[in-house]
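Some structures to go through are shown next.
After this come two complexes, each holding chain A, first together with chain B and then together with chain C.
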Partner chain A sequence: MALPQVKQDATAARLDGITLPQGASWASHARKNALSRVNAMGLPHRRDEYWKFTDPVTLVQPDAPKAAVFQQDEAPLFEDVDRVKVVFVDGVFDAAQSSDLVAEGLEIERLADALATDIHWAKDLYGVLETRGQMPVARPLAALNTATATDGVVIRATGKAQKPVSLIYLHQNETSDAVIHNVIRVEAGAEVTLLETGPAAARFSKVLEVDVADGGKFHHVRAQGRDHERRAVTHCFARIDSGSLFKSFTLTVNGSLTRNECVIEIVGDEAIAHVAGACVGDGKDFHHDDTVFVTHDAVNCESRQVFKKVLRNGAVGVFQGKILVKEGAQKTDGYQISQSLLLDGDSQFLAKPELEIYADDVACSHGSTSGAIDETALFYLRSRGIDHTTATNLLTLAFLAEALEEIEDDVLAGALQDQLEGWLARRS
Partner chain B sequence: MLEIKNLAVDLEEEDKSILKGVDLTIEPGKVHAIMGPNGSGKSTLSYVLSGKGGYEVTGGSATLDGADLLDMEPEERAAAGLFLAFQYPVEIPGVGNMTFLRTAMNAQRKARGEEELSAGDFLKLVREKAKTLKIDADMLKRPVNVGFSGGEKKRNEILQMAMLEPRMCVLDETDSGLDVDAMKLVAEGVNALRSEGRSFLVITHYQRLLDHIQPDVVHIMAEGRIVKSGGPELALEVENNGYADILAEVA
Partner chain C sequence: MAALDQVEVKDGVDQDTVDAVAELSGNYKYGWETEIEMDYAPKGVNPDIVRLISGKNEEPSWMTDWRLQAFARWEQIEEPTWAMVNYPDIDFQDIHYYARPKSMEEKPKSLDDVDPKLLATYDKLGIPLKEQAILAGVEGAEAMPAEGRKVAVDAVFDSVSVGTTFQAELKKAGVIFCSISEAIREYPELVKKYLGTVVPATDNFYATLNSAVFSDGSFVYVPPGVRCPMELSTYFRINAENTGQFERTLIIADKGSYVSYLEGCTAPKRDTAQLHAAVVEIIVEEDAEVKYSTVQNWYPGDADGNGGIYNFVTKRADCRGDRSKVMWTQVETGSAVTWKYPSCILRGDESQGEFYSIAIANNMQQADTGTKMVHLGKNTKSRIVSKGISAGKAQNTYRGLVSMHPKAKDSRNYTQCDSLLIGDKCGAHTVPYIEVKNNSSRVEHEATTSKVDDDQLFYCRSRGMDEEEAVALVVNGFCKEVLQALPMEFAMEAQALVAISLEGSVG
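Let's turn to the complex of A and B:
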């Protein structure tokens, strides 16, 4: 099918403005392949089935829309956590601010350095998991990332990692257009925690490819930074094998446009995948979109999607989540919940929950709700002397609790809880 | 202490009058009981006093130590010393009982210009009060009223009352759903709080509670009015003969 002219034009205009990575590398093939896929798919348009609720125009246009740099007035997240810091400023690795990239149980490299080698294990994953994640739903912005990325990290966990790897994305330039591509391989029985924080750039495109081998464990905790005007499109492509665990949690406060896609393929038996998110949005310039696709292709596996959004003053939240249970994926336990708390009548939550099941012995459930603060609970709290604002904040945090509970580590969970409380306090 | 004069209340949503001129004065240190048929307006009175939305006051007044209750936010009424033990305590998933209690206590203290309680002192106090009400530590850790049995919810109301030490306590059917032992515990909890400066308004259907909490005055409410008041013997009369005679007599 020929691409509509508007798509061809938009795609050509965008590619025009990009200098493609030069020089031979083990990634050349993946990049070339990705570029031709971008041309074939075309960049997203509002009329595409999975972009109906979110207009991709600012993600597609050649130049990043300007985004003011936000002056933080609170301590950076995870300061007290012993971690390997990997700092990127507007999408470029900053060695001076980063730690030595060494920790027991881990091999960590800057992507740019890995690309300079002749052969690399990452070749089996770079653009590979992304390609697998393009079916049945096209994700052209991820392919564009694969075609153009030059920075990021590649991490191999060979044992239980001694400390988390913390990717810190700083935003310093008002018009930066950053592209980051991270590749992670968790070897059989290994375990690692990946932290990601910060707004990254005026416009940020990020792809994370994660391969978890038998019995491996991958924990992901992310907070997307407080810059109000930044835009981001992020993709996580995960493939998880027998007996493995994949857990991802994202907190989003602020940001003008966020599209977080998470595509998980469960290929081994008895594996567990949880993906969760909490977002709090204030104002009509806040638009947050979680788009999730979990494929069960093995028996006895469990997946959970837990997404909670608090929206006020015209903020918009989107959830598009799918559980696909393939033929033979018996004893699948799939759960999906997406809920919004609308603090006023101007805010909007748009949800598209989907289940597609080709196995007969499965237990899958999904639910989506949208509601206001529970007036009865609010009155109960106030009748005990708690003022209206404090009571509302208590109920708001309570609403988000189910998502935050997905974070296993109490210290990390506490840090995000503090950030949420700070956000609420600033708006009280 | 509490002075209600000719209080008239409509539902906000529909044009329906619920309270049709309630008069009630409670002196400091006294225990008053209200009995009355289902739907006569007892809970409505307690809600209007504590500031629940959905009601429109169309006439009359309610004051606590001279201060106009009806003009205050619910939290201000609480800080002024009013407490309502709910007929149906509310479940609040995601808010821990301890967080709730501590936030409430400190909010009231702050509103009254008192210092906040330290975490340690708070914990000690809660444990001590919970113990006398036979509320175990596990219940304290759970979200507010979530998964509590009917009786546990009622005991939790009394725990809150014991912690907050209000001066004017309104108990709406705190005895219903309680087994005999729990009823005794609750009554003991209430009696322990009885003092010269503290008054109670006890709404109940049963004489049994009033055996444990001796009231000074008993009122009968019917169709949005207090139709008869008397001593404890009035409760006995209701227990034995129901409301028919009393209602016929005042009609």
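Let's turn to the complex of A and C:
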């Protein structure tokens, strides 16, 4: 079907002047294919069903809108955690601020180096999982990322990683337009934790492709900065095999526009995939969108989607979640919950919690609720002498707890909890 | 209720046995055809056809103009493709848009003048067009007072209304119940005031087409403070081949009134699919209440997906007045493809909308159905209970919207959608949209998908039931919430339907 003129024009305008980066022949091939995917799909438009609740115009327009650099007034997250630091400043790898890219059980490389290497394992994943994730819903911004990304990391976990890999995205330029693409392969029985922190750029496009082999474990903990003006679109494409575990958690506190897409394909039996998010949004400039698509294509698997949003002063929270159970994916246990806490009358929660099921012996549930803070609970706390702000913050943290509980590592969860408490206390 | 176990015994034992056998082999009970001479409009749709239909109904020029505007609009819009249904392209120029029994050329003065063949058709369907009669299948209700059992029927056969019962008695109470073509002639001021105000002629592809070519349907006006003395119902029968049925229903419940309205539909078995695109508009004024119940049993097509009705329907209620209330109940068992979202616009403060639905899809059926609850007024309430059952290779989708506007303070919604799958070749899908734009409202949505519980089946089997009976019982339990909301006349029908549609799906 031909694309509508408005999409053709926007796509042509964005792609105008883009030259694909140089690399090994397989990389050039992957980029070229990605670009033709973008051309075929067209860049997203507000009228697309998948963008019904979020206007992608600032993500699509040729130049990144300006975003003030946020002055950090607190200690960086995970500072006390022993980790491999990989620092990107406005989307460009910064060797000086990064650690040596070595750790037991891990092979870590810069994406640029991998893409320039003729024979590399990343060939089987780069743009490959992204392409798989384009059906049944088009994700053209991810394909654009594959076509144009030059930086990021490729990580291969060959055993139980000695320490987490921490990707730190620093924002220093008001008009930076960063594109990061990370590829991770967790070999059979291996285990790795990936941490991501920071606002990254004025506009940020990020793709993460994760392949978890039999019995592998992948943990992902992300905190997307706390700036007010950053615009971001991130995609995570995961393929997980038999007996493997995939767990992802994201904390978002402000940012003008954030669209986090997570596309998980469960291809092996008895695998587990959990994806969770907690978000605190304050102000009319805040628009946060979690879009999740979990495909069950194996038996006896479990998936959980837990998303909690606290919104006030005109903030908008979006959740589009889907569980697709393919024919034959029997004994699937699918769970999905999306909840919003609206702290005042101006904020909005827009949700589309979907199920699509083609197997009869499954249990899939999805729940979605929206409402104000519990007046009785608030009254109880006030009657114990706790002031209104503290009481509201306590109830907010309690509301977000179910999502935070999805983080397995207590140290990481504790660090996020402390950070969140600090943010809430300073904001009020 | 004594009537429950007697429901199967109707229309004499012999016929019943035949029907039961037909049911057991999975046959569609209403698939026979009435042989009757028909007048057709030429195939296709264009402004001349629109004028022809308008002319046949002896409509005033404002009505013709309204239709022509709708047609002009329809030519510019495209068929929607977002529903989870697949069907071959419909050739809109290969359909007769108007089909009328020859005997209806001269409008019958009373029901006694109606062609006996037509009366026999409805009799066979269990819809007696006699004023002393009650709907078939409720003999057990005889103990009830006569008043409570009366149901006025408007019978629509292909493109025309054959007759409406109890009109005189209803008129005494001030209730107007007639075909819409009659209403356009007799009560133009009412029709003009309300038609197209809930579902505008520009609303969507099928509603727009309907606005241009609707041939008949029912009209109800209940004046202020009147509780309609009996249930009203419309029975739609498609009989002619290669025709589309486009009917329009307009119900107005004025201040403080109450009416319960039932709708039933069937069609003959044919190899080619037929289109049915209806529009139902309901206006509910202050303190008024409307209960609208449907048992949709159009021909679903055969096991290979040949034939059947494409049921593309727009139904919407506008709760304009404060404290107004509307309740949609639907049992969807028929149609090859269903595309239907009975909706409530809760405009008045403290208005209420309820939607209870059971959608059963077997063989190759596809149903994409649900509701929209649009909360505009303060303190508005809505409840959605939807049960989808899929068997064979059928696909069943719940699609719904709950929208809380900024001004709809302190409103409530509760939604529960469940899907049941029987067999591993079918599908059940849920596509809810939730839009909350104020914080004093509460919205809750829950949904689950499960298979028929083995323990429950085992329990029933251990009590000597055969497998099919057991499945029907479990499914009936699962559907009880919806069935209970049906008027009694339909509750019987619905329980039987549940058993029929799930026939043969186990083992």
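Basically, the second predicted complex is superposed on the first by the 423 of 428 C-alpha atoms of A that agree within 3 Å, B and C clash if a C-alpha of one lies under 4 Å from a C-alpha of the other, contacts with A are read in each partner's own complex, and residues count from 1 in each chain.
We take it that a residue touches a chain if its C-beta (ideal position, glycine included) is under 8 Å from a C-beta of that chain, and two chains touch if they have at least 3 such contacts.
Just so it is clear, the structure is predicted and the values come from calculations on it, not from any experiment.
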Please work out whether A:Asn173 is in contact with chain B alone, chain C alone, both, or neither, and reply first, second, both or neither. neither
More chain A residues in contact [chain B versus chain C]: C
Is A:Gly385 touching anything from chain B or chain C once the two structures are fitted on A? First, second, both or neither. first
Determine, under the contact definition given at the top, whether A:Thr376 touches first (chain B), second (chain C), both, or neither. first
Please work out whether A:Gln61 is in contact with chain B alone, chain C alone, both, or neither, and reply first, second, both or neither. neither
If you stack the two complexes on chain A, which partner ends up touching A:Cys364: first (chain B), second (chain C), both, or neither? second
Look at A:Ala398 in the shared chain and tell me whether it touches chain B only, chain C only, both, or neither; answer first, second, both or neither. first
Contact set on chain C toward chain A in their complex: 82, 404, 406, 409, 419, 421-451
Which of the residues in chain A end up touching chain C in this complex? 49, 327-328, 330, 340, 342-372
Chain B residues within the chain A interface of the complex: 50-53, 73-75, 77-79, 83-84, 86, 89-90, 92-95, 99-100, 103-105, 107-108, 111, 143-144, 160, 164
Provide the residue numbers of chain A that touch chain B in the complex, in ascending order. 374-377, 379-388, 390-391, 394-395, 397-402
